[in-house]
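Naming follows writing order (A, B, C, D and E), and every chain is counted from residue 1.
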Amino acid sequence: MYDGWKIILGLAVFVVIVTLPFTMSVGKDYVKPEPKIDTPEIQKMEKKQCIESKQYMRETHIKLLYSWKDYATREGKRVYIASDGKQYNVSLQNTCMKCHSNKEKFCDECHNYVNVKPYCWDCHIEPKVGGLK
Amino acid sequence: MISRRDFLKISAFASLIGLGGAISINALEKKPGKNVLKDINALKGKRWAMAIDTRKFKTQEDFEKVIRACHKNHNVPEIANPLHEVKWIWTDDYEHSFPGTAEHYISKDIKERKFLLLCNHCDNAPCTRVCPVKATFKREDGITMQDMHRCIGCKFCMAGCPYGARNYNFLPPRDYIKELNPEYPTRTLGVVEKCTFCNQRIDKGLLPYCVEASEGKIIFGDLFDMNSEIRKVLSENIVIRRKVELGTQPMVFYII
Amino acid sequence: MGLPRPEELISKVNLKKMPSRWWMDTLPVEFKPGFYCYGAKGKNLEYVNFPNARDFHVTDEDWRLPDDWKKIVIEGIKQRIERFRTFHVFMDICVRCGACADKCHFFIGTGDPKNMPVLRAELLRSVYRKYFTTGGKLFGRNGGARDLDINVLKELWYYFYQCTECRRCSLFCPYGIDTAEITIIARELLNLLGLNTDWISGPVANCYRTGNHLGIEPHTMKSTLEFMCNDIEDITGIKIDPPINKKGAEILFVTPSGDLFADPGIYNAMGYMMLFHEIGLDYTWSTFASEGGNFGFFTSMEMAKRLHTKIYEEAKRLKVKWIIGGECGHMWRVWHQYHNTWYGPVDFLEEPVSPITGTKFENAKSNKIVHISEFTADLIRHGVLKFDKSRNDNLIVTFHDSCNPSRGMGLFEEPRYIIKNVCNHFYEMPDETIREQTFCCGGGSGLNAGEIMELRMRGGFPRANAVRYVHEKFGVNTLANICAIDRATLPPLMDYWVPGVRVSGVTELVANAMIMKGEKERTMNLRMEPLPGKEEE
Amino acid sequence: MLDLALKGRPRYWIWVSFLITMILIGFICWMREHHVGAAVTTGLSRDVSWGFHVGQLTFFVGVAASAVLVVLPYYFHNYKTFGRIAVIGEFLAVGCVLIAMLSVFVIMGQPSRVWNVILHPTPHSIIFWDMVVLITYLSLNLLCGWTILHAEKKSAPPPKWIKPFIYWAILWAPSIHTVTAFLYAGLPGRPHWMTALQAAHFLATAFAAGPSLLIILSMIIKKISKFDPGQQAINKLAEIATYALIIHLFFIGLEFFTAFYSQIPDHMNSLKYLYVGLEGHSGMVSWMAISTLLAFTGLLIFIFPPLRKWNVTKLIGAVCIFFSIWMDKGFAFVVSGFIPNPFDRVTEAWIALNEFLVAAGVWSVGALVITVLYKIAITVKEKAVFDKYGQKQIVD
Amino acid sequence: MGIGLAFIIVLGLILFAYIGTDILGLNSLFAIVIPYAAVVVFVIGFIRRVIKWGKSPVPFRIPTTAGQQFSLPWIKYSKIDNPSTGFGVALRMFFEIFFFRSLFRNTKAEIMNGKLFVGSNKWLWIGALAFHYSFLIILIRHLRFFMLQTPWCISVIDSIDSFWQIGLPMIYMTDIIIGAALLYLLGRRIFNPQVKYISLPSDYFPLFLIIGIIATGVLMRYFAKVDVTAIKELTLGLAYLKPTVPEGIGSLFYIHLFLVSVLFAYFPFSKLMHMGGVFLSPTRNLANNNRMERHVNPWDYPVKHRHYEEYEDEFRDKMKKAGIPVEKE
């Protein structure tokens, strides 16, 4: 007794599941996220530079913001000294979003891409949408 | 069972891994920025206090200006039902602002006067004592601060506060804000909020919204500073505070 | 016996203390007296055409193996890997989680780590890895592989003849790895080199020649049965004439020959005859198919098949309609799980129907063999039999589930139902020691030899411990079972660990309580002991 | 041993599925609260920020603590009568502590942040200590009950290392209720709660309600299984409940004296509100009247030995006492603390349907845990006495 | 035995990936070649191994019966633990695979004062269940890197897993559980003398390997931080068979990816194949119906056996003398 067809069926299921990510995408193309920085505020800047380097911000912005909330609310410290010595107001709404006033085009572009859903916007207000949630 | 030698070997091994782990976490962890500091312009005080000159508040508009300044800027939702409303600063009459005092025989003027009520920023605040997560805590400058990021919504502080100054978000707040102030966040369902003496403004060297809007009817200052204006008005006027007998040391004084 | 006292025997066992040396480094294995059976005799092996037949002495330095023994074993492994998915899969997927470790009665009784089922299998697995897997070839000892040499072979022999194939480990294994299956195959491999034990090869040769393990010849069998019938007449006043080799009988009855030979099995045999007589069953004994058990199963699948064939051959010759099997353990493992595959389709018999109650035995419709307990339980259920339960009132009974009908068949309720109906005092042993979790008697799979009494006492310790528990708690004095090996191995085990508990077949209890038509007032039980209340003052 | 809970008669499975259904309903209601807000789903308000759920915490912590009443005499004083009921008490404590902890969990506005209590430990907050004592008590009871039951199942003597844990659990039982009382007793501005008697009063009510529930459960167990916790033990529990009830009523008298002799309004107001109504608000009066009536009915039954010992009246008495205290401590006590509010106004509160269903879900979690644990315990105990065919194995 | 060896090998693998990417800069090797090779080895190796097993027949039907057999109609039989039908077998396998039924049964034997005590012991069951389910959920969660649009069901799993608001990004429950479960599984290999004695390097190696994978994953998510967008570009490239090596991905990610690749490639050659093997175990996946339905052994061959005639020839005289009927007079 071999139960051959059962084994082959099982293996077929196995192969289908394991190769699902490949088979689902075969022949298709994917769009890379392109966060836009073409807001008026940024256009005004001479050197288009965030408070820290681009790579650093891409990797670490969440930790930065997470530490900011404690600095501001709990310690009353509201001046961020960047690596290049420049000073910034510690505020998501009043610093970050002043430049990046295009949340959909900037934040969401990548967040949706990697399926990250930060809860910042439960309280903090996205710029310009101005309306209700 | 495991022999002594084995045990020593294993514990050495384990501590090696633990140490290695700790070092590598420290080495790999990316620390944000260079430093975060206090603003040099920030108002400096050791014990912020407020004196409300109740004599100067004459018209309804006097109160509303103050309240509107606070509520609009802080995105306080306007909920009609008094059971679930959120208010950082509001008014009540003498009898209910100062219950238990001899209201019957007091002057008619005072009896009919309205009083601005807000968080008293008690020096010995029961709400901070009961909070299980330090979401509400005393800042060094005496502000009874509320960290809305940390609050778990247990409502113990509301039971602890003898002044009814704390608000729980019984309803989704954004549904009840007509116009959002983009400079300040809203709160979310299920956290407690209250007046913070405009800590965000003090940190930047500005006076609280209500003080600003009152145009001199509210005096704000450092109680520990002998030369401050507040010390002056407190020493020159008759002042009362709410429920002093509870020992909470409220920092809001009412000039009558 | 030369055994230490029970307390001493077990006090030296420490399940938590493992040897300081790794198991691959503890060779050569020390053959401890009392732990190994004597080697097979050449003549017995030769009689059944086993290869490399010769007199084999375990303690000899030189096992007089054929020159190409290594090749034989490795070829043997290869062949079996290709033939048995069980073996193939079990060699590959063990994760050594250790769930089986303390499930083995031999490990519990000896504390010898190589008696942990996982390690027992690993002994052979290490050889398999060396010759059949990339990892084993590449990494050697670090890949858990080792060369097959004479010391390894000796170790394999020693430990695979310390496994009773009870399958308790298999029950707990998350992948169902069955060490019994591995033992069966390991023993097949050893038998390729003529490395068997006397206690197994002797009965095998006997069985081949006379039809039963004990070598009872036809006329002896007849006189034995008649002798029993005389006793029955003394006890009940009823004369029974047992039908032997009767052509055209409806049912062929086969039971292990142990029931024809020694006490307490003979009482069970008397019980069968009384039962069949009482219901007027048209049945027959067979002198050729005079053995339900199958020691061939402990040598190789092929030998098992060679021995078992006689049952159906005899059924065909005697033109019976179907077969009833007596109380036996490994016999029922073989009959239930292998018989049909080996011999079927059994189309010359009819689907079994009880001639008394008309019950169709659906579960035996293909191989046409019904267990005596199923048969009896059905009779009792239909109220065919009348009992005087008080005759068993001096017995406080507990029931030992034999490994093979438990984990190879699932026969749990039938015997209990019977005992409940014939005894007033029945108590279960603790849950973890009965039914599918039952502990072995310590002497299955051909390990009931006298020379390994210490191993048997150790292996039987978990079972005896549970009996001791109910003995102390409820005063249990009778250990009922449905296995001939049990009836042979449990009495010494009880005498050693729990004196005062005797061993009894279930049918003996039935026959003792059964009120037979036309019987005289009974004063004795089947053992000729006075019945309760009938003791002479 | 867990496998013993997986085999049962249909009625066991019906009961279990009922509980699971209730848990699911409760869960959905709880989810709803975090969607639409507590204004819609609870009877709570700005002025009455704690209500039914916190009452359940208070009440069930008490019931849990009362396990000490069977554990202490048995293990400490070797009082054999409670030998069989001890594990029943311990497992009841496990379920009740669970109910208590979940009752706090469901009031959280931000339940996903609940670990902040551990991440930011705050020793000056009583909730922090309540969490510590409750988790400890839960673990201790589960550990002790399970270990001893397991030993019994194996027919082995209980391991020696369990002894210190048993003593620890005994000491811990009063502490959990004391800490729970401290939740209330230290709040300025809540005069009704602020009495040094609070912890003692809590313990008195606990030791009346807990044994009453144990009596009811024991009688159910006796009815539906072959395991008999023992008539003598049940009678003893009733005696204990009687004394505790008397002390509880005495303490109520003390509260009345202090409030009404001193004539301090703050102390009188809440009592007035509860029993006669305050400024026209009388929402709790009939509730308290029933509670009081039940208490006195229970007292009447339990104070007369023949009535206390007769199983029918005993059951009625136990039910009366249990519900009397549940009504009082499980709701009225909490709400009345908020009345009048800091502005000397009265805001009343009631139980919303959604809130009740959440609470029912919480009870069901506790009941399910208790059911499973009792199923195991009863099976083990039955085995010790009966074989599976229903024959009695040991003569009692 | 072999714990040190296994540990050193895993350390070596980590070092190898570190040197390969950070020092030698062989990013495309570690980002493209090795992962693809690993998946290919995994799939083909897995299939080969299963087919190899499948080629060995099941000559006999020998299920381990764990409950009452199907026999007389009035006796309640265990439909799952001792199935007599294909459906019962399916149920048995379901419970075996999804709930580890056999491990649930686990007991512990202790000898105290010359007596044996057998008690239930479910720690291994809990540990194994916790480990396997966490691993499965983590695996499913990672699909967000391999699909452009994360399906809602994966998002739901993700949000339930990160329900507790601890830290930012919020901690995954499964990360904690799998860590604890792995430490338990490793701990019992070290501290349980029986398990310690039977353990081989190949038992420690996968444990350390998976611990390494979890550790690097946790480091990336919570501590060291990496450019997730770039990583998704890499993983999507792999899935769409259009591999790219984006800039700015640190070697920590490559170590993680390399260890995963090693796990995949190692899988078919190791005990990890119990994943496939559990389905093929004949003691579990067969019905106990031998007496009802004949099981055919494909390699069955006729054997020499004793015939009655031979027997009668040998004993005829004795039989006749005893009055036993014989065929040939």
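Here is the rule we use: contacts are C-beta pairs under 8 Å (C-beta built on N, C-alpha and C of every residue); 3 or more make two chains touch, one makes a residue touch a chain.
Because the structure is a prediction, the values reported are computed rather than measured.
With steps allowed only between chains in touch, the distance from subunit A over to subunit D comes to 2. Listing every chain that touches subunit C and subunit E alike gives D.
Between subunit A and subunit E, the least number of touch steps comes to 1. In terms of C-beta pairs in contact, the better-connected of the chain pairs A-B and D-E is A-B. Put simply, the chain closest to the centre of the protein, by Cα centroids, is E. Between the Cα centres of subunit D and subunit E there is a gap of 44 Å.
Spacing of subunit B relative to subunit E, judged by their CA centroids, is 56 angstrom. Once the centre of each chain is set as its mean CA position, subunit B and subunit D turn out to be 36 Å apart. Counting only residues that touch two or more partner chains, subunit C has 16-17, 430.
Listed for subunit E are residues 53-55, 57-59, 61, 105, 110, 115, 118-120, 165, 193, 225, 280, 295-297, each touching two or more other chains.
Residue positions of subunit B touching 2 or more other chains: 1, 30, 172, 188. Residue ranges on subunit E touching subunit C, taken from their complex, read 1-2, 5, 49, 52-62, 64-78, 81-82, 84, 96, 100, 102-103, 105-111, 114-116, 118-120, 124, 128, 188, 192-203, 269-271, 273-274, 277-278, 280-284, 288-297, 299-300, 303-308, 311-312, 314-315, 318-319, 321-327.
The part of subunit D that touches subunit E in the complex is made up of residues 1-3, 110, 112-115, 119, 150-151, 153-156.
Interface residues of subunit A, counted against subunit E in their complex, comprise 1-4, 7-8, 10-11, 14-15, 18-19, 21-22, 24-26, 28-33, 55, 58-60, 62-63, 65-66, 110, 113-119.
Against subunit D, in their complex, subunit E makes its touches with residues 104-105, 110, 112, 115, 117-120, 122, 163-166.
In the complex of the two chains, the subunit B residues touching subunit A come out as 30, 32-39, 42, 75, 137, 139, 141, 145, 147-149, 172, 174-175, 177, 180-188, 199-200, 202-204.
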